[in-house]
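The same chain A turns up in both complexes below, where it pairs with chain B and then with chain C.
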Partner chain A sequence: MKIMIVDDSTIVRKVIERYLAITQVEIVAHASNGVEAIEMFKQHMPDIVTLDITMPEMDGIEALSKMLEIKPDAKIIMISALSSKDTVVKAINLGASGYLIKPVAAHQLTDKINKILEAKSERRRFKDLLRRRS
Partner chain B sequence: MIAKRKKTDLSDDFIDYLSQTRISWLKGVVILAFTLVPLFLVLDYVIVPSNLFPDFAVYRFVVSLILIVLYFILRLKFSRRYTAYFGFFISMLIGVMISKMTNLLGGFDSSYYAGLNLIMMALVVLVPWGFLLGILIATPIIASYVLINVFNPAPFHINNLINNLYFLLSTGVIAVAVSHIRLQLLKKEYDANIQLRIAKEEQDTIMNSVEEGLFIIHEVDRKYYIGNQQSEAVKKILGEIELSGKLFSEALSAYFPEAKIHELVEYLKMLTVDHIDIEDDMIHDLNPLEKEETVENRYFDSKKVLKFDFKRINQMQEGNSYLISIKDGTKEAEMENLIRENELKAEHESQMMLAILHQGPAMLQDFLDGVELELGIIEKVIHQETERLEHVDAIETIFRSAHSMKGNAALLDLKFFAEKLNMFEEKIASLRKDPNISRESFLLFTEDLEIVRDVYTRLQELIKRIQGFQEKKPGAGKSALESIPEALNRLVARVSKETGKKVRFVANHVNFTGINVSYAYILRDILVQLTRNSIIHGIEDPEFRVQAGKDEYGTISLTMKSEDETYTISYRDDGKSFDLAAIREKAVASGKISESDLEQWTDAMLVKLIFEPGFSTAAVTTLHAGRGVGMDIIKQRIKNLGGDLKINYSQGKFTEFTIVFPLEVLQ
Partner chain C sequence: MKEEDLKIYSDGVVNYFKQFAESKVVLNAPALKSDNFTFFDYSAIIGISGAVKGGIYITVSTAMLDDLIVAMGMGAPDDSLRRDMIGEVANNISGNAGDKFSGEFKISVPIVVTGKDHNIQLPVKIPAYAVPFEWKGHKSQFVVGTE
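For the complex of A and B:
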């Protein structure tokens, strides 16, 4: 599993990197703004991205849409401040796979990644079944 | 209690229910009967010998008539108690009629008995009699057939009798069995109804007594609609709004601004996404209506703070449902505000305390006297004498008073008060630019004045308490006027620290004792104003001073002396003095003086501009300067006291203000 970390703060990037060191994922790229993120994304095609919502040049929402256009099955985790919950909602509606509120704790990040890596849950499979039948 | 009632009252209730059901069916049977009995005359016409036909017609006519009468009796309420008797009577009536007809047509050999099967089917199967009553009501039909044909015998084959009885009895058995099953089913149905009713009652009790507004929203095609039941509290919280079946976000649009509703729509959309599982903590974390103030709306009088909670129900069904609970958080929010206000108040109190401890109660008292004076001036302007004054002048006067109070509050380190006055001043300043000011405009100041008055009262209270405490210690406290130089010294220290400049304050023969108190206050205000101006506009940054070959420290000096007829106060700083280029620029920008005119002006004329109201060269407005009233206040007040103000300056070297008063200033 390849992962890419996007955040305008070097400290946040370092922290996330340290959290991920104990997991099985491989960190393939970093980026500090949206434009750079898209470049790196195209180059490395990661499976998972942690994406900061507020960044210079291109914000997280726009970067999210671009990434999903390039690779629709990419799992993107939004990293957000507490105050921007409406943006988180928007991101999920656009296809983000989850969100974490700053400051991000190690277990939250690894939990989220594990959940994303798990196969479809029972509930979702059941819902799919119902939708197909009706 | 409900459960108990279920046990004791069930039988009575059920019997009632059963009688009603039986009556309904009986009426149906009777209608069938009085329709079919005459109709069978058609059959009779074909198969009955013509000599018997008139008799048959009479039988049928009479029975139909009795049935019609019976129908009307069944409609009466009392008949409910006698359903079995009616059943028995109908069975007997039609049974006897058909048996009699069979007898006339050849007794046991006649196939006319088949009609008896029909009656049994209709009367016993359709009406839920149960086992015993079913037998009782079927019996007269078979009995009348046997008895009539036995007592009025005709020759018959025994085989026919066996065949007919066999069929009749079989029909009877089937009819009774069905009737029995129907009764059992009816009991079950009744039980189920009772359970439903109890459940509904319990639910109603809950919905009527919970304090939260509760209702359910259901997803249909990715949109959420409100369910048909709402708890009573919904009306209390949301007012008389009809919610059932409405689109959830639309129903709430009456209460929240458009942007909030948009957020809600996005949130609801998120609850239906397929690509991830929406966890319960997400539902909670991202809730846009966790605690929201409503807008003004037609459903209640004043704004409320509403708290919404979303709880997912029926997780495994297609189309999610959520239980919405609403609480009125207005009181809670008010509480929080109150606590915050009290905390602020406590902080103000401590600022006041510190000010009193630092400066001494006398100094603060002195400040308060000043505040009272300024408030008096403002109120006079607002309330009565504005007719004579132009409104513009009135605004100017209020502005000067507010500015003066602000300066003194800052001087005493009453930060919160200085901030409030700064806001007041800004309000006045914005009004100053408004060409349409009128008397009504002054109403805008009511609240600010109340704040000032409130601070005044609280501070006065504190001072009294502290003075009461200090009076017990002999020798404490100095007269307010005596401590003016010290206050100026502190002001210099603070303002220079805040502006990053280095300034020294030197007082020569400065003694305010002996000066008429009201003059002294004004004199103090003037000196405060001049000191601030010096540090902010006049004295240069330390590096600049060193480069210009001056001492790193700027010096402000104050000298007082009395001569024959006059009393002179000299104030001097060794700053860069007036920035003539800036004054010129400002003068042009103000549009009052044309550029070509200005070229003819001497430097002295330019300097005089600083006494014009509203003239300031400071770029940034701060608590300390840059309001552009400093100099005009000073000039005005000195003139009012019968004094004069002279300026002496040298570009880049010094500025000196000399204030000359007539000797009457001394008591």
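For the complex of A and C:
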């Protein structure tokens, strides 16, 4: 599974990268704002994205909508310091697969990633089963 | 600004530094920001809009930022990492306050100011409160001015 990390902070991107080292994902791209994120998304078509909200040029909410238009089954995990209910609800309603509030602990992110990986693997098993039965 | 509102931001500072298990943050008594307020080497400002309007800024020393960068496992600190670090601290403190206020709560990207004798004036007509705090012996302050 391919993952892209989007955050305007170099430090946060590196911390997330470190957290992901123990998961079964391949980091294919980084971006520091929404505009760059969309370009990188089109180029790499990642399965999972960790996406900050407050960023220059284009915020994470707008980038979330655009990414899901391009690849509706992409799993987008919002990682933001913004904890207001309005923002969380807006992101989830737009199709975000999760919302983690900064500062994020390693286990919070890896748990979320592992659940996405398990669900994907479960769907694959189910499809295989259906194929064998038909 | 009410006292409980100020506590929301103070809790944000405590919450941010919780991730560094080896050293807790110590908050001191808040006071109205005075004219002889001490700015340290780096300051980061966040504008707040929506249901709450105003801003928050944090000012810290180079030494504190360097310790934070090392604590984050980022290796040798430099000016770019220090700017990034202080911006992220300010972003966390202000952003985390959002769930305590009803209605829309928006924050800007951080603006970082450095250099000798820099100064910041929040664009609000109400008094701003300064909260001194210490982490690993480094003195620092954050200022909140909201209406």
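Assorted remarks:
The rule is short, and it goes like this: the second predicted complex is superposed on the first by the 115 of 134 C-alpha atoms of A that agree within 3 Å, B and C clash if a C-alpha of one lies under 4 Å from a C-alpha of the other, contacts with A are read in each partner's own complex, and residues count from 1 in each chain.
The definition used in the following text is that a residue touches a chain if its C-beta (ideal position, glycine included) is under 8 Å from a C-beta of that chain, and two chains touch if they have at least 3 such contacts.
Nothing here was measured: the structure is a model prediction, and the numbers come from that model.
After overlaying the two complexes on the shared chain, residue contacts for A:M55 are found with chain C alone; chain B is out of touch. In the superposed pair of complexes, A:A105 makes contact with chain C only, with no contact to chain B. Contacts of A:V15 after superposition: chain C is touched, whereas chain B is not reached.
Shared-chain residue A:G95: touches chain B; no touch with chain C. Of the two partner chains placed by the overlay, chain B and chain C both lie in contact with A:D86. Overlap of the chain B and chain C interfaces on chain A: residues 85-86, 101. On the chain A side of its complex with chain C, the touching residues are 8-12, 14-15, 18, 54-56, 80-87, 101-103, 105. Interface residues of chain C, counted against chain A in their complex, comprise 15-16, 18-19, 69, 72-74, 80-81, 84-85, 87-88, 91-92, 94-99, 101, 103-105, 107-109. On the chain B side of its complex with chain A, the touching residues are 263, 266-267, 269-270, 273-277, 282, 285-286, 288, 315-318. Those residues of chain A whose C-beta lies close enough to touch chain B in the complex are 85-86, 88-90, 92-93, 95, 97-99, 101, 121, 123-124, 126-128, 130-131, 134.
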